[in-house]
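Please find the structures below.
The same chain A turns up in both complexes below, where it pairs with chain B and then with chain C.
For the complex of A and B:
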């Protein structure tokens, strides 16, 4: 740990504002509520379960066969760090959900290791969310959610579930791991929706 | 395979002492997931997270969660069958 706090190691891009209450970091802090699952790509599977119970599955080869996008986005953690212009590669949820028959309004992301987080369908579609499997040009490290994580960069980063293994779609909004313990059900960093009731 | 990115149950002592009059790290805790029964100090506590999460050393199930917000503290004990505290 240096004598300069992490908040002063970065320089803001000109014209860039951070969401309220955030500071800039050049590091990529690792936050985790449990042990890191080590899921090999050949054992990885992603399942979307519609509100009628119909299941749609992709294995790693199927994910790799889908058109991938290069993504550059700022990310904002509820623990107050923000990191600018992070670069990812992944498959858009628009692509994955294109053939899923659903009218659901809500999704619960489920991860290997048991983590969950709820995201409205409107926030998963229209070029806003991805299943990301590369970070900064390299395969995604397990500590950052590899082999693949959900990436929903316009919401606080706890919504970008590491080690994602599926989405369960629903007409009703259930709450995920942190949302049931006092964190905001939506988590818009620009509205500083950190905690329930914000 | 899992690396040690956790602390032992004593890491929860400060947060728990704000909520309880007794030292719960010395209490016997039973996991609601696998039944593992041990002193709470043996729990695996994850602190590099939006809240504090204590997990069973036997099965990694969540035993206890504490989230402190500016106005309130949330305490989730669903993962515990019981905490056994000696009568003083």
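For the complex of A and C:
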């Protein structure tokens, strides 16, 4: 299978194990489909809509009042960069969803600006995801998703919806923005699930 | 946001380099013959995979520079700008030759695309090698015989940095296409303005918000951030501004 590229030697790295096909960066590149929305914290609101249509809302003050966690995780973008030990502060989805009555299997994250991405509920709970509002000890920049973004670091980073404004919970799996445009519905970097069918 | 369903399994294919063209000191266009190419939309990209003799592999994504001209066509073009300290781009810019095989898979992407049947004028704004997918849109416009008004605003450092010089001259001769270059470091004789795209340039050369144009902005991240912010500040509907960013943000956080 495959071919050899005549004259290509490549640059091997030792030490850090990255998911297949990824390279290491110290920068923090940006992948967005449109202009960066500039949402002020005082206008920010986060809504969880259950599968029965019940809505649970938090404004910025309510989010700040919840217990926050310091998070240190490696992140992997489908455009092939990985960044190690990024540090964040945010509220666990376990905390936000604790009082939400739901048996839903899927969530669609919705963002200011219209972006959407689908994530199974099993990947949002049990300490796997957060609503993050600080990066590297500073308020999250708008171009990186501030004032708050979803953080699901074990999946490709497009799942970590920037400018998040809500989750819509459902019994059925729908596809989000990049997923509809040909990207994988789940996006596990260690299985290299970049595109549909991978 | 508009949804375009393009979901099918992508497999690796081996293409053969049939031509190479030096565009600038740091950019080269590679013409590939891909026997089973399924076709693509202007603006889509593909993945390139290189394999060393010991099996080590490296992959990167590149925008497709050419339009697809129909079911009998199996030729695609990539234009690659060498990234300082890059792993894959130096091979594509300086090493690969006519007759060599190249593994690719694609096309990918259903958002940063233009289709000839799409309504409304089109504003293209490119910075540096961000012009590559925009050139595919211009080529698609020409090969479809479209009369949709197209405008390209293309920001380059200096005249020698322009990719597709002769191609852009030819495209600009169409009544429906307007090409405007912006020089950020050195301008050619007779061009008084040197500087980045700003609000004045946008208001003078881009379509107005009421023209209902779809705008495609591609370039390095700081360029795209600046231009997209200028467009929104000038009253353009953010939902009609599509962006593609590459490279670092300019800071490390």
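Observations on the structure shown:
Everything below uses one rule, namely that the second predicted complex is superposed on the first by the 182 of 198 C-alpha atoms of A that agree within 3 Å, B and C clash if a C-alpha of one lies under 4 Å from a C-alpha of the other, contacts with A are read in each partner's own complex, and residues count from 1 in each chain.
Simple rule for what comes next: a residue touches a chain if its C-beta (ideal position, glycine included) is under 8 Å from a C-beta of that chain, and two chains touch if they have at least 3 such contacts.
Please read all numbers here as calculations on a predicted model, not as lab measurements.
Looking at the shared chain after the overlay, A:28 reaches chain C, while chain B stays out of its contact range. Once the two complexes are laid over each other on the shared chain, residue contacts for A:79 go to chain B and to chain C alike.
After overlaying the two complexes on the shared chain, residue contacts for A:103 are found with neither chain B nor chain C.
When the two complexes are superposed, the chain touching more residues of chain A, out of chain B and chain C, is C. Within the superposed three-chain model, A:181 lies in touch with chain B and with chain C [touch as defined at top]. Once the two complexes are overlaid on the shared chain, A:36 sits against chain B and chain C alike. When the two structures are aligned on the shared chain, A:139 is found in touch with neither chain B nor chain C. Using the contact criterion defined above for the overlaid structures, shared-chain residue A:115 touches chain C, although it does not reach chain B. In the superposed pair of complexes, A:195 makes contact with chain B and with chain C alike. By the touch criterion stated above, A:127 is placed in contact with neither chain B nor chain C. Judged by the document's definition of touching, chain A residues 29-36, 79, 113-114, 178, 180-182, 195-196 lie at the interface with chain B and also at the interface with chain C.
Against chain B, the residues of chain A that register as touching in their complex are 29-36, 38, 78-79, 113-114, 158, 178, 180-183, 194-196. By the touch rule above, chain C contacts chain A in their complex via residues 1, 3-10, 12, 14, 49-53, 56-61, 87, 91, 95-97, 100-103, 108-112, 221, 225, 228-229, 231-232, 238-239, 241-243, 245-249, 251-253.
Contact residues of chain B toward chain A in the complex are 1-3, 5-6, 44, 46, 48-51, 53, 55, 60, 62, 65, 67, 69-72, 74, 76.
Remark: chain A residues 2-12, 21, 23, 25-37, 79-80, 113-116, 135-136, 138, 141, 143-144, 177-178, 180-182, 195-198 touch chain C in the complex.
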